[in-house]
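Going by the order they are written in, the chains are A, B, C and D; count residues from 1 in each one.
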Amino acid sequence: MNGSGTIRTRVADATASPFTNKGAFSVSEIRVTVWHEFRHEKRTEAVRAVYPDGIHMTIAAGLQEHGFTNVRTATLDEPEHGLTEEVLAQTDVLTWWGHMAHREVDDAIVERVAQRVLEGMGLIVLHSGHFSKIFRRLMGTTCSLRWREAGENERMWVVSPGHPIVQGLGPYIDVPHAEMYGEHFDIPAPDELVFISWFKGGEVFRSGCCFHRGHGKIFYFRPGHETYPIYYQPEIRQVIANAARWAAPVRAFEYPYHLSGRAINVKEPLELLGEPQL
Amino acid sequence: MNGSGTIRTRVADATASPFTNKGAFSVSEIRVTVWHEFRHEKRTEAVRAVYPDGIHMTIAAGLQEHGFTNVRTATLDEPEHGLTEEVLAQTDVLTWWGHMAHREVDDAIVERVAQRVLEGMGLIVLHSGHFSKIFRRLMGTTCSLRWREAGENERMWVVSPGHPIVQGLGPYIDVPHAEMYGEHFDIPAPDELVFISWFKGGEVFRSGCCFHRGHGKIFYFRPGHETYPIYYQPEIRQVIANAARWAAPVRAFEYPYHLSGRAINVKEPLELLGEPQL
Amino acid sequence: MNGSGTIRTRVADATASPFTNKGAFSVSEIRVTVWHEFRHEKRTEAVRAVYPDGIHMTIAAGLQEHGFTNVRTATLDEPEHGLTEEVLAQTDVLTWWGHMAHREVDDAIVERVAQRVLEGMGLIVLHSGHFSKIFRRLMGTTCSLRWREAGENERMWVVSPGHPIVQGLGPYIDVPHAEMYGEHFDIPAPDELVFISWFKGGEVFRSGCCFHRGHGKIFYFRPGHETYPIYYQPEIRQVIANAARWAAPVRAFEYPYHLSGRAINVKEPLELLGEPQL
Amino acid sequence: MNGSGTIRTRVADATASPFTNKGAFSVSEIRVTVWHEFRHEKRTEAVRAVYPDGIHMTIAAGLQEHGFTNVRTATLDEPEHGLTEEVLAQTDVLTWWGHMAHREVDDAIVERVAQRVLEGMGLIVLHSGHFSKIFRRLMGTTCSLRWREAGENERMWVVSPGHPIVQGLGPYIDVPHAEMYGEHFDIPAPDELVFISWFKGGEVFRSGCCFHRGHGKIFYFRPGHETYPIYYQPEIRQVIANAARWAAPVRAFEYPYHLSGRAINVKEPLELLGEPQL
């Protein structure tokens, strides 16, 4: 792809793409993979009580409720964590929830996912996923924060009211019981800041953050503790559905780079240079 | 809307909205008004030769080619410049081309359009529209620049490859003959920078710029001189169609403010304050 | 300046400039004008009790405490509101506090101040100054917000810890009694977001916001109600001093534009164009 | 630092800090370490001819010319690449030039430097340093680009005229002979875009880019090929000096996180929570 030095001007074939310029743009054409650690449920009754089939199944159900018909799941303990080359090649948007086993995610799989994001695959990182290898890989910072588990209430304010991720929402979302996350949230400044959260105990947090990396789009969304029924909440489901639509790849020229690769040597200039200068 | 002090939590009725969460999101449902000064064509043969029916008709044809079926036009010399309260209330995206008669646009109409943008109407400002009253009103700067008319070639590079406005494009767009616009382009830093142009004569220019104002989205797009057939060029039509889809309003809570209005006094806190403190 | 078409490459004379590359950069060389409406104090005993000489004198004292020796004041009721061409020409940073008489600020003076900001003069807008003509002029939005006067406490969190405006601060600033300002704060997305405030009653607010307009820098800083002694608070004084240093003009090429002016026609290209093309 | 759950409100001791609020802010107090790969010079006569003592010595001389008196150098082949814990603890700003031996930089040293940047140390990445491990680590993308070595001329336009990094400059900088770097430059969108370059052969490039990571500030500056005398050019030296001043750490609360560490559990809320909720 890179070695020849020519610009790849080949544009995605419009007929093959579900994302055409004309006519309908349908959520049913966006292929989502919901990735989940799926460990808490197996160990803790309190979590099973809220998410009997696993958090991933609840998130997937929420997407299906919003018209996404191409939703699959993948979990940590599957071979290759369910994220084979084939699965990732057929994934338009990947959601990620992890908490107690970030270290067990294989580094090679992380690189594979990172490369796919740079190629255009969307990534939605949920709650404790702020500490996932993939999110830290793409941010370059610790992604650390302050936290407290006291069941206090949270209020998520919209600060970007024209953003597609807030479609269908009011000025704020009430979360009756939440685990507090507080600033300073050690991330790069979001390209687009969508939500800011208020916590009863006195903290604030940038709880809805958009980032662009390569051709891909990433949305970090804070709510989602394993012992609270947050992923059943209608507004939370609305946001995740909106985010999946926002993060879906744009069909344009192919991403020309590779994490392990080289720069592109363009020997032939696009304009005449005249006499060789040096 | 504002005086009562309560938060308007009423969310746009999903059934009435064309922008539903489920199913298709169709460009045919986006209502576009193409506004044009329409003076050059009437005065100058060279312009009529390129745009016999007016630049606005060519832009509208480009949108229709891309599936927009709800396109109307409006021009400076119509009553209220064709931008009555009724027309604007039924406009989701307004495109704007003006050059030699910016001063003739009525200030009250400019305020009316500005209020609609803040309420969520999209605005696409084209070429010499950088000096329009409406664009300067929303930017707060002079929007001035350097320019030269020598028919030199332009190359517009994509610098935001995951952005929906670049759907269907390659790494750059060639414009064979253009009027040069050069930095420093006196605008606020774009919220999203999509294109950077190269000119044969030595200048560069931020030629595709996204801004958010209130609930509205604005896209400034540089190409488009009146004596060059740029609005017939397929890639240019692609960008304008993509921009119209990007700029369409998001259906969420209503914009609660007014340019001539007041702040919202929220007498009742959302949380208990305890003993009155002062 | 503009008409000749040549690029002004004259760079500010280093010897004349206080902002030299070598040696000391001293706050004593930054000329600050503290502008104040100065009406509340004259009408209301409760305000005089807190600010007997006027809010402007307290702000000026804070700056002097931080090493600024070139501080003057100006008020609404002076001729030309104290903002003559001469005063503005000798002002590096202008601070602005107004509340009940924004409408009385003369439009021509507003344009004069706006032009100076675009030329490089810094502007610090305080508290209710969010509704000042000058701030709304430079933002292009209503700058409206939600508010409540209940004396509740505020906590201002730092979210940009590497920013010069947070020098000398801890992770947050406590304001024991404040007038609440809440989102949605109708401003463009700040170029740099420095503080986010938490209010007891349930709201959040982007309370420290940086904007760039032309060659100038603007800092909006929320705290500062007329009946609370906020401008005596050490951390608040620290922020205002830091902001004045941040907002001071950079000595580089002169701002080439004018709010009432034209674009710059550059007839001679910087590179050879070859055969005239059209 | 982290385990106790209390907020570190200890603020840097003003008397110990060179960056005081009052009086002079002097570049002579900023401690710069100029890091260089220093391999080309040893292998290639053409490089030695331009930089007989090594690129690092030329960059250091440029800084000293601009009043920096605390400048040291470090090179790849020194023990720990000259970047011991002690050296880094005493470095306020690190500049980085590498090209043919990025892979030889020890991963543990890269992590050490990354941690220091997050703690507040400034980082200036020059030219081919775009592919350094440290820059890629902090960006999360490939940082790849298109390139051509034909000695064509470059013109670097200022697009952020109020930015301290452009102090002392005109509207653009001419570089008579350069190695072309062209878009798409695979970096996150810069927090502040300062320069855009034009190349004779038809490309553009975002050549001066600011990023914030943790408490640190990073400036990527494109010019600087090993066979062109770019680091002797006055405007280039001006930019590097300005960038070193801009990137110097801000003295505020200590960075509380660690790349290998945990989040901060704040058991005691800052506000009363009332009855335990869950």
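One rule holds for everything that comes next: a contact is a pair of C-beta atoms (placed from the backbone, for glycine too) under 8 Å apart; a residue touches a chain by one contact, two chains touch by 3 or more.
None of these values were measured; they are calculated from a predicted model.
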item	value
Which of A-C and C-D has more C-beta contact pairs	C-D
Copies subunit B and subunit D touch via same or different residues, half shared test	same
Averaged-CA centre spacing for the pair subunit D and subunit C, given as whole angstrom	29
Distance from subunit C to subunit A - Cα centre to Cα centre, in angstrom	37
Two or more partner chains touched - positions in subunit B	7, 155, 158, 160-161, 171, 182, 184, 189, 191-192, 200, 202-203, 212, 214, 270-271
Subunit A to subunit D touching residues, read off their complex	7, 114, 118, 131, 137-142, 144-148, 150-153, 177, 180, 182, 184, 186, 188-189, 191, 200-203, 211-214, 227-228, 256-259, 261-267, 269-271, 273, 276-278
Interface residues, subunit B side, partner subunit A - complex	7-12, 14, 19, 21-28, 66-67, 120, 155, 158, 160-164, 166-172, 191-192, 200, 212, 214-217, 238, 241-242, 245, 249-253, 255, 270-271
Of all residues in subunit C, those that touch subunit A in their complex	155, 157-161, 171, 182-185, 189, 192-193, 196-199, 202-204, 206
